[in-house]
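Chains here go by letter, A, B, C and D, matching the order in which they are written, and residues are numbered from 1 within each.
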């Protein structure tokens, strides 16, 4: 199945792309994507601790199962609004 | 001595004037003014309980002593701002 | 900026008065004329003020805020005269380094304004009757005489 | 109205979105770009967002507010792109029957926005360096994974 994966802010910068379409096996979860990114760039695993994932605009866990055409995103810690 | 006395809102309406100059004896206090108004219109005394007085833009008591050219005001309960 | 005005209040004025490049947080409050009070339909309102004392008391409230939260950027404006439904009667703006304090200070300013600033409201009901509004019980007791 | 925009935020938009003749109290919050962070001079900021999810999360915050305070008039707008010193990055408006709830709800909206709305800030310092801002320790732990 195909899913779209989006990268924002520091992830966008680290991976040098803002989104891509991944071909995943049936039964894939968010963890499948994280593992694949880790293979490409091992350092990204350090950020997983502080990062969240979303599936179809909703926060998800590593165990969340994916289906065709899902939109997955890596969500670095949010810092919108103001610092005050 | 002469002092200016100002009436607002319900007082303005009751006394049918917004201000007047009063000639008062030396040693007069805010109470002197209240007594004089009471002579003119006894019903006003009922409102003294919930009313405040000011002298020169500062809340005052009945015992506050007055001097020439003071600006005294009867301050009905304030209701500015909003009701919410 | 502490002001009694008979002009329409847009809010720009209080906001401009407090904004500063090192603040970060601006909290504004607007009080508007509702179409009813306690379910009874309002036609319009009239506000009357004792302007020099009102502006002095607003300034004192801002001094209280400076003392409590170290915030020195507060602006208050209250309109007088005839106000139609939906129009702004009062606007308060506070700019602060921390938003938490900004919210507290702005709310405090409104509470104190209703207690000590000499402004009165006359309600003209849709049925044609009119009356000077009395504050509710709480405010009847505050501030005490001689404050 | 829940919106991510690249246009200048004036505040009129959120205010107009919440105003109603039976509200009486409108509380607004503006976050503006400060000229420094922790004493270090800022040149400008860049905000990036995940717009559809950000707008969805803003809408969820307003549902939380409806549940907590029965307030259904909330508007939020956050700007993205390059923002100069003094410009508004975020505006929140709440109209309510009671001002006390309005202040609480507006502050709550800002707190939640910083926790769950996917928007990121890149700070470009006056000395030319730039970095994606990390939230402080408190926000690092919230929201938890899998919320």
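By our rule, a contact is a pair of C-beta atoms (placed from the backbone, for glycine too) under 8 Å apart; a residue touches a chain by one contact, two chains touch by 3 or more.
What you see is a predicted model, and the numbers here were worked out from it, not measured in a lab.
K.L.:
Could you tell me which chains make contact with chain A and chain B both?
P.N.:
C, D
K.L.:
What's the farthest chain from chain D if centres are computed as the mean of the Cα atoms?
P.N.:
Between chain D and every other chain, the largest centroid distance is to B.
K.L.:
I want to compare two interfaces, A-C and A-D. Which one has more contacting C-beta pairs?
P.N.:
A-D
K.L.:
Distance between chain A and chain D based on Cα centroids, please, to the nearest Å.
P.N.:
Each chain's C-alpha centroid was found; their separation is 24 Å.
K.L.:
How far is the middle of chain B from the middle of chain D, if each middle is the mean of its Cα atoms, in Å?
P.N.:
48
K.L.:
Which chain B residues sit where two or more other chains touch them?
P.N.:
Within chain B, the residues that touch at least two other chains are 82-84.
K.L.:
Residues of chain D that touch two or more other chains: which are they?
P.N.:
Residues 23-25, 31-32, 34, 99, 102, 110 of chain D touch two or more partner chains.
K.L.:
If every chain is a node and every touching pair an edge, decide which shape results: line, ring, star, complete or other.
P.N.:
Basically it's none of the tidy shapes, so other.
K.L.:
Determine which chains touch and list them pairwise.
P.N.:
The list of touching pairs comes to A-C, A-D, B-C, B-D, C-D.
K.L.:
What part of chain D is in contact with chain A in the complex they form?
P.N.:
For this pair, the touching residues of chain D are 31-32, 34, 37, 47-50, 52-54, 56, 78, 89-90, 110, 113-122, 132-135, 139-140, 143, 145-147.
K.L.:
Which stretch or stretches of chain C touch chain A in the complex?
P.N.:
Of all residues in chain C, those touching chain A are 23-25, 96-99, 102.
K.L.:
Taking the touch rule as given, give the residues of chain C at its contact with chain D in the complex, in rising order.
P.N.:
11, 15, 19, 21-32, 34-36, 85-86, 99-100, 102-103, 106-107, 110
K.L.:
Going by the contact rule at the top, pick out the chain B residues touching chain D in the complex.
P.N.:
82-84
K.L.:
Per the contact definition, I'd like the list of chain A residues that touch chain D in the complex.
P.N.:
Contacts found on chain A: 6, 8-10, 12-13, 50, 52-54, 57-61, 73, 75-84.
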